[in-house]
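Paired with chain B in one complex and with chain C in the other, chain A is shared by the two complexes that follow.
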Partner chain A sequence: MKALRTACAITAMTLGSTAMAADISDDKVKVGVLTDMSAVYSDISGEGNVVAARMAIEDFGGKVAGKPIELIYADHQNKADIAANKARQWVDDEEVDVIADLVTTSVALAVNQVADREGKEVITLISGAASTPITNEQCIATGIHWTYDTYALANGTGRAVVEQGGDTWYFLTADYAFGDSLQSQVSRVVKENGGEVLGASRHPLETSDFSSYVLQAQASGAKIIGLANAGGDTINAILAANEFGIVQGGQKLAGLLMFITDIDALGLEVAQDLYLTTGFYWDMDEKTRAWSERFFERHGAMPSMVQAGVYSSLMHYFEAIEKAGTDETFAVREQMGKMPVEDFFSRNGRIREDGRMVHDMYLAQVKSPDESTRKWDYYNIVSTIPAEEAFQPLSQSKCELVNN
Partner chain B sequence: MTELIGISPQLLFAQVLVGLINGAFYAVLSLGLAVIFGLLNIINFSHGAMYMVGAFCSWLGMQYLGINYWAALILAPVVVGVIGLLIERTLLRRIQHEDHLYSLLLTFGLALMLEGIFVELFGVSGQRYPVPDLLNGGINLGFMFLPIYRAWVVAAAVVVCFTVWYLIERTKLGAYLRAGTENQALVQAFGINVPMMRNLTYGFGVGLAAFAGVLAAPIYSVAPHMGSSIIIVVFAVVVIGGMGSVLGAIITGLGLGVIEGLTRVFYAEISNTVIFIVMAIVLLLRPAGLFGRQS
Partner chain C sequence: MNRTTILYAVLLALALVAPFGVYPVFLMKVLCFAIFACAFNLLLGFTGLLSFGHASFFGVAGYVTGNMLRDYGWPVEFAILAGVAAAAILGTVFGWLAIRRTGIYFAMVTLALAQMVYFVCVQAEWFTGGENGLQGVPRGALLGVIDLNNDLSLYYFILAVFIAAFWFIHRTVTSPFGQVLKAVRENEPRAISLGYNVDRYKLMSFVLSATVAGLGGALKCIVFQLTSLTDVHWYTSGEVVLMTLLGGMGTILGPVVGAGTIVTLQNYLASGAFASSVPIVLGFIFVVCVMAFRRGIVGEIHAFVKRSF
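Let's turn to the complex of A and B:
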């Protein structure tokens, strides 16, 4: 009896899988969200990314190509070694098929190395990390950089500010790879558009008092003070600039990497009129609002572009498996590249061979308290930067996968 | 414009002043730490967390109870002080005869727990606390724009520092406290309740941290990690000044604020390290610190 039941089950499974022609390894698709759960980037990524991933799985019906989708997540504490170890464990022992988010550039680069081991390749969907080496010198065949990068930020905010007359710049730069990369890319954009860079102060990561730096920026006489830093550093720099009368004195600030959670922390009184470049804003149209309201109900805050990017990238990944009928890494990567990325998050999106997902980016200006009608109503979208202009052209790519 | 060591005198003056302002913060924070170490022999690693809790108390009070800045300046240290009393009574007292390392680890663990709880409740980005109306705006000093609030911080810090120093070094209560540290059994024999005194001292010390937190709230973002980024510097201040020396903590706090400020102009990359360079030099030359008693 038992033998008969087993035989029936096997037959049914064989028939089932033949019918769908699905070739899913270990009969499930396992998603790993590797993120910063408690430190500086946990508001833009963190728990919100887990919520976004869970929403993607539920919205896809919990199954792809007839097999269940599983979700696991872990905290990498913004440390590359912890992230790489966790990723190795996931790929080698826990049959994870795709790793999402990877906020912090050093983490993304370290995990990409793990994801690129011969015979053990997995797809990485990088949403939180910012630096361009991910799709240049250190690009890998299965890595996709989804949401934004320093080139797009520099291009968006840098150019817009110079075009509006902000042609002399002074930088307050976080003294590590990301800050350097952002400052040099914005400097290039400023110079290309006829502006001039007067100087820079490099401050250590996680500085609480910016008054010294702000006074130096003030003394430089530059029209624009560019903040090539992130998170708490940007917030404290803006607070100090506000306190020391920088803006009243006629100088303007340009936040080069700002998220909606930073604006929420600063308050509109202080943050108003700031320009910033973003890959997503929740209040753009019906689709962005509908998704974001659902996210808000679960998470208690509106989504950052990183969190929306995690959802969007996973949905695209699932669709590719469905279309390809397999979760084999290279087949899925190829399928993902074939399909345009059009959803609430991405307009005119496509994945290039260097792994860059190019899509429309937006130049936003922070509203004044009078303009804002409710909490989270923070941005006016000033202009759309078309996908093909927003990101580094493929012809300049240093990625070895690109035939230049 | 004439230049002095590569920068304009205006900028130099401004940087010295800004350094003094930061130094005032260091002084108030290290004061509490010095009091706790000097009188209780506890290396209080939760001091930064108490500073953060003090800042959050004022923000929560304003947000949910409508308590204004001036009331918070009194209430937040009292609330945090009471938390301190409880921590001393229930936890620290049990290990007071053990090695220093025990209290260090216990308070460090407490700091991590407090930070974790606040991250869970409020996220890491922080909250905004407005400058009180009375202290809004700034004065143009000619060489710089001085925010009135920063001037107030220096004044408040100097008054508090002097008062605490006077209390401990020049009053009878202070004498009891110091005697209690030297020989608890003997002082107790005179009918003085030493355990209660220790309890109140710890509460008072962390209350000072909370006071610094309220002063900091309108300047920096009120965020769970605000204490951990400052605590290491404050420890260095206490070590340089001489562990447990109240006067040492005050003078070193102000001095290091200035040194750090000037480093930010001339070589910003080492501004986080310069304090530890000073610490290493001082420890080599005077192992007990600048104002510590050489044993």
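Let's turn to the complex of A and C:
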């Protein structure tokens, strides 16, 4: 039903778009950044996303299709109800046209529900959230998942590490649905590429003492220890592995959900040689460096992939409005899907009908303290994972907007 | 007409016109948390038991209501009743185990049980949606005719339920049963010596409190069309303590004021200059409240009125 409605709307827009003059609702384009500014994800998202959004608006000249761009932002404190409430209020009362970031999956899903109300649809540019249901079971016509997802991370790290010779794996898995799905995704990739999974230890969410799990991993003799967990659990696991000399003993760690800010928090001494997949690294070429240095000047830290993603997604959104000559939600969404995404952040990027923005991902290995020449000089990019291979293929999508 | 009646009449009139000036979804959230805080106050303020596990009742009721509405297509009234019943059952189990201890041990037992519920919710993905939360709950139609997708209709429905819950707690507190609860709070050995079966009164109070807390959670699930792990997390248990203390423990209106204050702060501080420091501001207010206004907002006003008039 929803798919039908969307299809009709998109068709109607396509028919009408040729005759459309500049048509911006309420004479402005209003951007809402809904992020975590005070809790666990404030480093990867938070203030930095507001800075990135501000930069995008300034770089676009503060105006799109002749109308001013406004920015508002709010802290959702990682609570889905606060996020849903804010988003509703923004859409109902404050004429917000697009909501960006939405770190934490529960928040992204809740706001997507708000953004998908009939007659009140708005675009969501999801950068911070990780889970795949956003573009599968719970996909919406106007939601775009920009930066990364767990499939891409698991797939990227799993495959690339096996290709690098890491063909025996042992997992430290957070004992809940997220950890399970991460482990099974990576296991599948490892086996498909000829690797072998020797076993797994499951630990409860928010564990502080990883020593017994790390010892089991050490005893398994696996070349690679995959960390199918997130946040504080990953950090604690790496610290414990460091204490037991895992890396010095010849085993390697692979983080399945890690950000550059985690590496910064851990320090290179502890994190060195760790494999991880990322959607963006600031020090890749002239374009990434130029943007990131500007970001650094304003924010005091190098951008995480989430922050770079917010900038990239907003720029693409503005360009689509400029091209389409309207900020009407479905017209903009359609225009965004037509244009390839090529900028400092995204290579070979395009937005699929399930809302997934596919782009090249990178396998990185953390540098040793000797290799690193300055703060934030943390990664060696080992290989590039092409856009079409990095993400879940459309044929496997469970999104109702995709005809499978 | 005495002063209290006038006060309530004014408040009711304000509540009736409020959605035309203030965003209705925000008001509904305040009402849901007000129900939750009133329920908590019944236990802490009038029975003297500090539970640190009330989020379980709030959250589990939300999950049950959400599942009934979304996956089983129950009418909204029955879904709410199912949620409330689940909270009552859980409250009976918690209460039966916890009232054997008092003070800090009581708080620890309730916290431990609530943590168990939290981890079950983390694991039971089929029921709670795990860390993604239970999303996309339909609001349904009241009695099959009034469409609750309209924010205004939903607001008046929630307001009616809130008034009923408020009246229920008011009746409980002022009844002979409530007098016994206060006696237990003030001096438990003396209540025992007077021949009251104290444990039974405590258990009753606990179950009532859990049930009404569940009502708050069930309504919140319908308002936001979601229930997430936040609702069963110990942080929410702490928040309701904060609301009750800030508003005025043991006063009938205190929890409502406290809930209103905290939810407003969370909502309005979230955007603007203080966006990154909501927890700090809340913590600061809590410290000031505990240091300077022991009786909470409503308690201090009561005391002031008593002194001056």
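The rule is short, and it goes like this: the second predicted complex is superposed on the first by the 376 of 404 C-alpha atoms of A that agree within 3 Å, B and C clash if a C-alpha of one lies under 4 Å from a C-alpha of the other, contacts with A are read in each partner's own complex, and residues count from 1 in each chain.
One rule holds for everything that comes next: a residue touches a chain if its C-beta (ideal position, glycine included) is under 8 Å from a C-beta of that chain, and two chains touch if they have at least 3 such contacts.
Since the model is a prediction, treat every value here as computed from it, not as a measurement.
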- Regarding the shared-chain residue A:231, is it in contact with chain B (first), chain C (second), both, or neither? first
- Would you check which partner chain A:93 touches, where first means chain B only, second means chain C only, and both and neither mean what they say? second
- Looking at the overlay, does A:204 come into contact with chain B only (first), chain C only (second), both, or neither? both
- Task: Check whether A:146 is in contact with chain B, with chain C, with both or with neither, and answer first, second, both or neither.
- Result: neither
- In the overlay, answer first, second, both or neither for which of chain B and chain C A:317 touches. neither
- Query: Is A:262 in contact with chain B, with chain C, with both, or with neither (first, second, both, neither)?
  - Reply: first
- Query: Counting only touches as set out at the top, which of chain B and chain C does A:42 meet: first, second, both, neither?
  - Reply: both
- Query: Which parts of chain A are touched by chain B and by chain C alike?
  - Reply: 38-39, 42, 175, 204
- Residues of chain A that touch chain C when the two form their complex: 37-39, 42, 46-47, 72-82, 84-86, 88-89, 92-93, 105-106, 109-110, 113, 131, 133, 138, 175-178, 204-205
- Can you list the residues on chain A that touch chain B in the complex? 38-43, 175, 201-204, 206-209, 211-213, 215-216, 218-219, 231-232, 235-236, 239-240, 243-245, 249, 261-262, 264-267, 269-270, 301
- Residue set of chain B touching chain A in the complex reads 7-8, 10-11, 14-15, 18-19, 21-22, 116, 119, 123-128, 130-131, 138, 144-145, 147, 149-150, 219-221, 223, 225-226, 229-230, 261, 264-265, 268-269, 271-272
- Item | chain A partner contacts - residues on chain C that touch it in the complex | 23, 25-26, 29, 119, 122-123, 125, 130-133, 135-136, 220, 224-226, 228-231, 266-267, 269-271, 275-280
